[in-house]
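Sharing a structure, written as structure tokens. Questions coming.
Should a chain be cited, it is by its letter among A, B and C, assigned in written order, with residues numbered from 1 in that chain.
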Amino acid sequence: MREGLRMAVTLLIIGGVCGGLLSAVNSYTEPIIEERQQREFLEALEGFFPEVEEAEEKEINDQKYFIAYDAAGNEIGVVAQARASGYGDEPIRYDLAVDMEGEIVGIRVVSHTETPGIGDFIAEEEWQEQQIVGLTFDDEIAVDVDVDAISGATVTLRGIVSSIREEVDTIGMEFLGLEVEVVEIDPSAVDDGTYTGVGTGFADDIEVEVTVSGGEITDIEIISHDDTPDYFDQAAAEMPGRIIEAQSHDVEMVSGATASAEGIVEAVADALN
Amino acid sequence: MRTIAQEFSKGIFVENPVFRLLLGLCPVLAVSITAFNAFGMGIAATFVLLGSNIVVSAIKDFVPSRVRIPAFILIIATFVTIVDLTLNAFLPDLHEALGIFIPLIVVNCMIMGRAEAFARKNTIGRSIIDALGVGIGFTIALTVLGIVREILGAGTLFGFNIVGTAFEPMGLLASPPGAFIALGVLVALFNVMFKRLGIE
Amino acid sequence: MDLLPIIFVAILANNIVLMQFLGICPYMGVTQRVETSLGMGMGVIFVMTLAAVISWLIFYGILEPLNLHYLRTISFILVISSLVQLVEIVLKKTNPTLFRALGIYLPLMTTNCAILGVAILNIDQGHNIIQTIVYAIAAAIGFTIAVVVMAGIRERMELVSMSSFLRGASVTLVTAGILSLAFMGFAGMVTL
């Protein structure tokens, strides 16, 4: 019994001394570590927003977002600590910075395990600058539309691009108050007749005339537009047919002329409302 | 009884923990991608070894032998955490590179082995000499492996390019398989060396 | 994160021994015979799962709320060593057959860095309790596969004549390197 007590007391003393020592060391190093992390983090933010003075953390769906403020306390942008799934075992971790207008101003890959020489282009500044930076909330942000396809690295590229799209959406809607415009075409409740509507094309407004008969769109005619004819003609040739066939806004856009095609859909929707 | 010099040198040569006894290989294989990381790991482990050897030797008369193992674990874990926190505060890059292998120093058989086999039976002075010898032996072994892997795997040494542009680095040596193979070859070379020197 | 990729990655693509260098000591020490390494593997599956779950509970139940992150290493290793003792005692009393099979490997568990390593990795990677259990079991299966394959090779290698400099540790390490090369081939087969 006495020996048992002695063992317990000895261990307790050692444990107590160790715990005390550690807590002393910790209270000394903790502020240093915290300050360094804070500094490193602000330095990283400065890479995106040079005038950043302070940052506020916000968590959405288990993911961290940081709102950057300048010296006057104005919001200047949002940085997402995002992860995308690529080809490697570990997710691609990256920071994505979006300014108040919804434009991507910077991307920085923190860590990835993509195949060297194939999927590691994501970490290259040249690719980031040319393909990603400058895209906005209103852009499609999709491979083959506004991001060039890279043969042999499809998985990596699609992974990161679709993740960027999601992040820009989240930032736009949660922080910047931007909204995805809901375009709906539903002719079933519309009286027979001919209506005109306006949508935003690539350059300027697109005006269309829509004929409805028996709750169905029977004809779509383009009245005016200001887009580049080469592109617009592709869209104008395909889109009316597609909309009439689907009787809905849920149609495939004409690749290469997405902005014009979307403008036509928007104008048709406008006409029916 | 060995002389002080013998006590010190045994850990470096005859009983080198890595090349001769093959103890504590996990960090050896994992962090030896670059010579600097390897050296940093060696110093960190040496510090823990030194601290635990001193304390274990100092309290050896007070600790009932039935609870000595948990007591040693507590002591070693304390020193490991001190190293962990200190590196995180002052050498964050190294801390990042060594990662999980810093807390894992705690289960390094080499350190527990020295506490159990040496420090609890010897004076503080001898325990310090022992810890320094074994720790330096460990550090040298790690650094040698780190140098080999960094030069052949990346063409650099301590971050400086030393082989020029004509040399195409062998990526294999920077990858996990390369760690095993490089260490295996080094162990064989040291076996040959010791045989030549007449030490068995 | 789906569970299936965790399992695949932990067993093959990021094998705990051959790719992450955890548990090298038992890997070098207990892989002389297939039978013993299988026993060791079973013991690791058992202890690693228990240790990972208890460590997870301690970290998120005690250390995190009290902001005592710096006690992680010390509390985990204490948990693991007491757990090993406890398992030894309980097994001895309740299931002597299993104890005879695993008993001799249990003391080795405390210094098996794979056990502590997996407990820490679960925290570092932010796994929830389900992911923790799945990851621990998968990592332990990966360990078992690695030791059994190695033991099979070493049993054959005993019969091979080779230079005395290479025999033992040296050739075992090079063999492990070649095995590791094979496991590296699994990388990139799943996306997380």
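Annotations
One rule holds for everything that comes next: a contact is a pair of C-beta atoms (placed from the backbone, for glycine too) under 8 Å apart; a residue touches a chain by one contact, two chains touch by 3 or more.
As the structure is a prediction and not an experimental result, all values here were calculated from the model.
Among the inter-chain contacts, the highest number of C-beta pairs connects B-C.
If each chain is reduced to the average of its C-alpha atoms, the one that sits nearest the average of all protein C-alpha atoms is C. On a Cα centroid basis, the chain most remote from subunit B in this structure is A. Work out the mean CA point of subunit B and of subunit C, and you get 21 Å between them. Centre-to-centre separation between subunit A and subunit C, using Cα means, comes to 40 Å. One inter-chain figure worth recording: subunit A and subunit B are separated by 46 Å, centre to centre, where each centre is the mean of the chain's CA atoms.
Counting only residues that touch two or more partner chains, subunit B has 70, 74, 77-78, 81, 85. Counting partners per residue, subunit C has 70-71, 74 as the residues that reach two or more other chains. Among all residues of subunit A, those that touch two or more other chains are 18, 22, 25-26, 30.
Taken in their complex, subunit C has these residues touching subunit A: 9, 13-14, 70-71, 74, 187-188, 190-192. The touching residues of subunit C, counted against subunit B in their complex, run 18-25, 28, 70-74, 76-78, 81-82, 110-113, 115-117, 120-121, 124, 163-166, 169-178, 180-181, 184. Per the touch definition, subunit A reaches subunit C in the complex via residues 18-19, 22-23, 25-26, 30, 85-91, 113, 115, 155, 159.
Interface residues of subunit A facing subunit B in the complex, by the touch rule stated above, are 3, 6-7, 10-11, 14-15, 18, 21-22, 25-26, 29-30, 32-33, 36, 40, 116. Here subunit B touches subunit C in the complex through residues 22-27, 29-30, 69-70, 73-74, 77-78, 80-81, 84-85, 100, 103-104, 106-109, 112, 172, 175-181, 183-185, 187-188, 191-192, 195, going by the rule given at the top.
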